[in-house]
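Given below, in the form of structure tokens, are the structures.
Presented sequentially are two complexes of subunit A, the first with subunit B as partner and the second with subunit C.
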Partner chain A sequence: MTSQTHDKVVIVGGGPAGTAAAAELACHGLKSVIIDEAPKLGGVIYRGPLRKTDSLPHLDDNLKRAMTALQTRYQAHRESIEVKTQTRVLGPEGSNQLLLSDDSGLSRQPYGHLILATGCHERSVPFPGWQLPGVMLLGGVQLQLKSGLVRPGQRMALVGTGPLLPLVACQLHKAGVDVVGVYEASPFAKLAKEAVALLNKPKLTLSGMSMMSYLKKHKIPFKYGWGIVSAQGEEQLSSIHVAPYDSQWRPQRDLAEQVAVDAIGVGYGFVARTQLAMLLGLEHTYSKVSGYVPALDEWHQSQNHSAFVVGDSNGLLGADAAICEGQLAALRLAWQCGKITESELFSRATKVNNKLARIKKFRFGFDRFSDRQPGLLSLAQPQTVVCRCEQVRKEQLDEAIAQGVKDITSLKMRTRIGMGDCQGKTCSSYALDYLHQAGLTENIGVIKPRFPLDPIPFTLME
Partner chain B sequence: MKKYDVVIAGGGAVGAACAYFLSRDTDLKIALIDLKKPGNASRASAGGLWAIGESVGLGCGVIFFKTLSKLHSEAQGKEVPVMRPHQLPDCFFEFALTSNNMYPALHQEMLEKHDVDFKFERTGLKFIMYNEEDRLYAEQITQGIPHLADQVRWLDAEQLKKEEPYVTDDAIGAIDFICDHQVNPYRLVDAYLEGARQNGVSLYLNTEVTSVIRNGNVVEGVKTSDEVFFCDTLINASGAWANELYQQATGRTMPVYPVKGQIVLSERMPKIMNGCISTSDCYIAQKDNGEILIGSSTEEKGFDTTNSLDKIQELSQGAMKCLPILKESSIKRCWAGLRPGTPDELPILGPVEGVEGYLNACGHFRTGILTSAITGQLMTELIMGKTPSLDLTPFSVERFEEAEQKAG
Partner chain C sequence: MKPLKRTRDITPLPSRNFKITVDDQSVEACEGETVLSVLLAANYAKVMENDRNVASGAYCGMGVCHCCQVKINAKHKQRACQTLVKPHMSVETLTNRFKEEGIKHD
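Moving on to the complex of A and B:
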């Protein structure tokens, strides 16, 4: 009994990467357990509504197809895949177990092999007013629409960069929201330069173009080279200032325009969600796009600890790439467990890798287009809170750096940045970028996650 | 190549205190080199300045003693560990109390001269008694320290209720050590470092001492991965890692080893404690920002710094028993640090016979935050060629060599 559970592959995260890995493992006779904190499989992108509904008016057909595909993948192999939803991983327990919490309390999950597919979280960008109710991150806006089936606001604007902007704008409009403007930080000329890269995925590019024409048809302004400056409101957001950005994404404040809104979505990028990987002791390296990401071999396996990390949690490439990575890891594991031969491994993997290469070319085009520029860091004013949990203001970072702080741990000790309940998920990417901008790039370290990854009631310890 | 009068290896509470006092009281050219290794004790510490409490085996001492007795009763034959002292010798009391007395003025000095606040709070340390056994234990403790009677207050159940209303009704009373207080430990280290920096010390943080340069019996400096630092005196303040540098500097070994301590921290709570608390299960301190800190296990597991459910459960249960209101709160985070332990629980301080240009400042075990100040002062006196204000003989490394010779 116990030895059987030990043989199981434990997959943390039931999004496209985790589910694809489980399905691929099942194809080769390997059983797995998927653990996810959400009530449904699918991850933030394909989870869909949390209540039952027949019509999904604001979701486009591509998304519906992809959601069905994920469900089909799982259903076809459900005998081999145990799913633990509404279950959180609090951290490692001993050398081969995870500590879990769910409604019924704490439990341990032993593992023989581990695949982490924990996705990403949003990069928060502090600017004056960013804490006002009504200011949301773009993923949060989408979640309300897709999973909560509620409109996040009546009159909304979107600010940020990347392909999610037009997509969410269309979804909002279809859901009946008055979208008063979409502001893409990068200039159009830069997008044009990436045309070749974008043609690596003609279908996606076309769908992007059709979204742009949808916006045009419905007279929704889409401004390239513009972005957020500040948000205003008493108890609740009532307006924002947006302005043209220069090439460094510094706002030209004298050209700022005020726009009346009751909600906005802010999307200047994502950060790989690597807290568990770090707690497990996997080595990490810094990447400008995704933050700290685990150091992995070409099969997505880490040298130390030999865990696999797939999907956005090892760098942001989107759902299609996540599926490929999940499959690659599963194939490698199947080979390591003696379920497939080396030639089977390589012939299957070559196909997946070719697909992945095309996606990457396309994606890297977008990454270059959406490459965050340092001006974004200057949006926060001296009094702007940059760490919400501990109410740390930007001027406190400046003071600490002026006093000689050169690494993030010292910055944390001096200002309490990153010491709140979220353990730095919200503020650490800003703090890292800020240190980099101050010319500090060597050995600046990372805000180390602590056990437990989410607070747990004392009563669970009784 | 760099040349300093003094190089300090290790920037925890002890190394940082040495840098501060040396730079305050001398004109020497000083460098401090530190790489925060996972498990750095000062950062993990609870920040208790429990001079009497820890000396008589309360605070962490009580848990340490419990762990030892358990090991002792479970072990067989050759594995039976030597029982270590419960109440520390007089020389340690003097060492700890002298250091303790330095904090009020040091706090003022840091605020006024260097604009840093390490959050010194006058709290007292209360040992909570649940039953007659606890009372007997408390009596035995106070009998052992007659000269400190004016620092001990006995509280009956009613008085305790008045001073600590959230402590369980099951408590029958407490003894309070009125001179035992608390600081914020990482602010303390930060204050020493900032003070030292302002006094002209060169700080090489995020830098590892990779080896010691020795010429015969003279220590001449250290190497880091890309630089060489020559110096007249090397102070080894590298905490649980101190034996590594000691070996390179002297060719011998000394018994400094990591003793892991896990800590549980609550979410912020409104002020529910007026002082620090010790029970026979754990110690509990509310920090200035409202978080409640519960410590601490004592485990000899090498350089392992992972958390484990069993210890976290034990600590949490002990704390909930004492402060039932904790059941309304959550555990925000846990961590583990490595105390630099020694077999007799005393630090290892001062020069080494037959070796020049080298000083030990390590082995501070569970009281290095408390005793950092006096250590900094003593090292400064040694380097200035003064007679140290406390007798260092009981703290010299030779005590272990003598013990070994006797045993051999």
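Moving on to the complex of A and C:
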């Protein structure tokens, strides 16, 4: 494939990975176009406030610095980077074209080279009461703080696992929310075992420790080895039950405590966002941490479509790693387009790879700490809805599996799971885990994304 | 029209704002923010009633879960978290075509 069909590299996603790729391409004289559904570059993590504000009293300096760095990176090369915001990719159209939709209608984006930097979304874990208004995903809570500049609740608790818990707890508290408790599913002893891994990113580890001391100073309870059991409320959330988890993350229900809240953030992990990569026909493999991820070479390029996939959409490693991966893909592309020599490619890539290796060691430490245990699957009761859009209950999954369903496509046909508006993005990770738990490990498959990836209103086709 | 107060803003709104309508109440909004931020700022937790008559609030907040779909300017199923406010916008919560047109599931 040459760049004859289109002279710009098309990058889907303007988060850390996509923006870093565009900037690196620009350094080597290559023009690119970034397509993003949000109104502003930065991705979920570094987008920052969407409306004007004089101050950000609830955000720490590290985050503010990273948000500025991303904007600076883009600004330095803005003449080489075209940005199409509030634009959605509906899927591939013909060969080497994407179909886009925005306010003005449908359009086509031809590409010679394609870099996918579509990020990730949060993993949902159904539990009784999780449909109540006030129950939000942890990243969703954070987005409202960072981009919306609003408090999603007045009296909140956070449940889940991983470094986002203390970070969001601090941000909530600084934003004026009464944070009544933070419940980390994994025991502290498991974190202590990862000390060596954490030393790969000493600054990050220190900032994590300062967050923990902030919480302590403000008397915000942080309980390791605890998690959600259920949520209660009439019209909206009014309380949750939390309990100590055993080593398999099964709640010890007899020790459950009730906590009064009007909103919570739930964060038991993320899933790579690969719908577009799948629609393009890239080969994918299953990973327990990230869900289905594309099969790529060391430069993040796929064999069967020669598209690059960078950032969390090829496996969850976070924003710093996403920047490195975006740079690696851009360097490889610059070499493929004859803009840099092979020795330049390898000397620059070695530096980036060394950095990436340190981030990975740090990250894998947290992956081991936050490795989700099968007890989470037992939170949902037979009557608990596991697919919100189609209101499919857990007992319907059990019934289908008992009747011989062995893969996710049959489960979808049998129960309507994953057939609603969200197209399985909310329920399919749970369904996959559930099939695995039922002893089904081979050929479970995945809920196949369909064209268009986003609904096309009739008005756009007139 | 009844005014709706914003009580959940972390920083003050800029001085130049406009009004939008939420369920026949008027509320202040400003350029750049999403319909969802306005709803949350005005203390709305419950925003959607889905096709299966189940109410929900914003859940993922990033366009993935489709749990904050509202009616905007007479168009159903608009994601509040993905739509930027515009002057004179009219937002209706807790409604859908099944409810309005009396369509029933089998």
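Here is the rule we go by: the second predicted complex is superposed on the first by the 457 of 462 C-alpha atoms of A that agree within 3 Å, B and C clash if a C-alpha of one lies under 4 Å from a C-alpha of the other, contacts with A are read in each partner's own complex, and residues count from 1 in each chain.
Basically, a contact is a pair of C-beta atoms (placed from the backbone, for glycine too) under 8 Å apart; a residue touches a chain by one contact, two chains touch by 3 or more.
Note that the coordinates shown come from a computational prediction; the quantities given were computed from them, not determined experimentally.
Of the two partner chains, subunit C is the only one that A:Leu145 touches; subunit B does not reach it. Once the two complexes are laid over each other on the shared chain, residue contacts for A:Pro133 go to subunit C alone; subunit B is not touched.
Of the two partner chains placed by the overlay, only subunit B lies in contact with A:Met413; subunit C stays clear of it.
In the superposition on chain A, A:Gly91 contacts subunit B only, with no contact to subunit C.
Using the contact criterion defined above for the overlaid structures, shared-chain residue A:Pro452 touches subunit B, although it does not reach subunit C. Contacts of A:Asp421 after superposition: both subunit B and subunit C are touched. In the superposed model, A:Ile228 makes contact with neither subunit B nor subunit C. Contact with neither subunit B nor subunit C is seen for A:Val261 once the two complexes are overlaid on the shared chain.
In the superposition on chain A, A:Leu106 makes contact with subunit B only, while subunit C stays out of contact range.
When the two complexes are overlaid, the chain among subunit B and subunit C that reaches more residues of subunit A is C. Taken together, the two structures place residues 421, 455, 457 of subunit A in contact with subunit B in one case and with subunit C in the other. Taken together, the subunit C residues at the contact with subunit A in this complex read 8-14, 30-34, 36-37, 40-41, 45-47, 50-52, 54-67, 69, 75, 77, 82, 84.
Those residues of subunit B lying in contact with subunit A across their complex are 36, 43, 186-187, 189-190, 194, 197, 203, 205-206, 266-267, 289, 306-309, 312-313, 316-317, 319-320, 326-327, 329-335.
Considering their complex, residues 37, 39, 44, 49-58, 86, 121-122, 124, 131-137, 139-141, 143-145, 147-154, 175-176, 235-237, 262-263, 385, 388-391, 420-422, 425-426, 455, 457 of subunit A touch subunit C. Note for the complex: subunit A touches subunit B at residues 91-94, 99, 106, 108, 403-404, 406-407, 409-410, 413-414, 416, 421, 423, 442-443, 445, 450-452, 455-459, 461-462.
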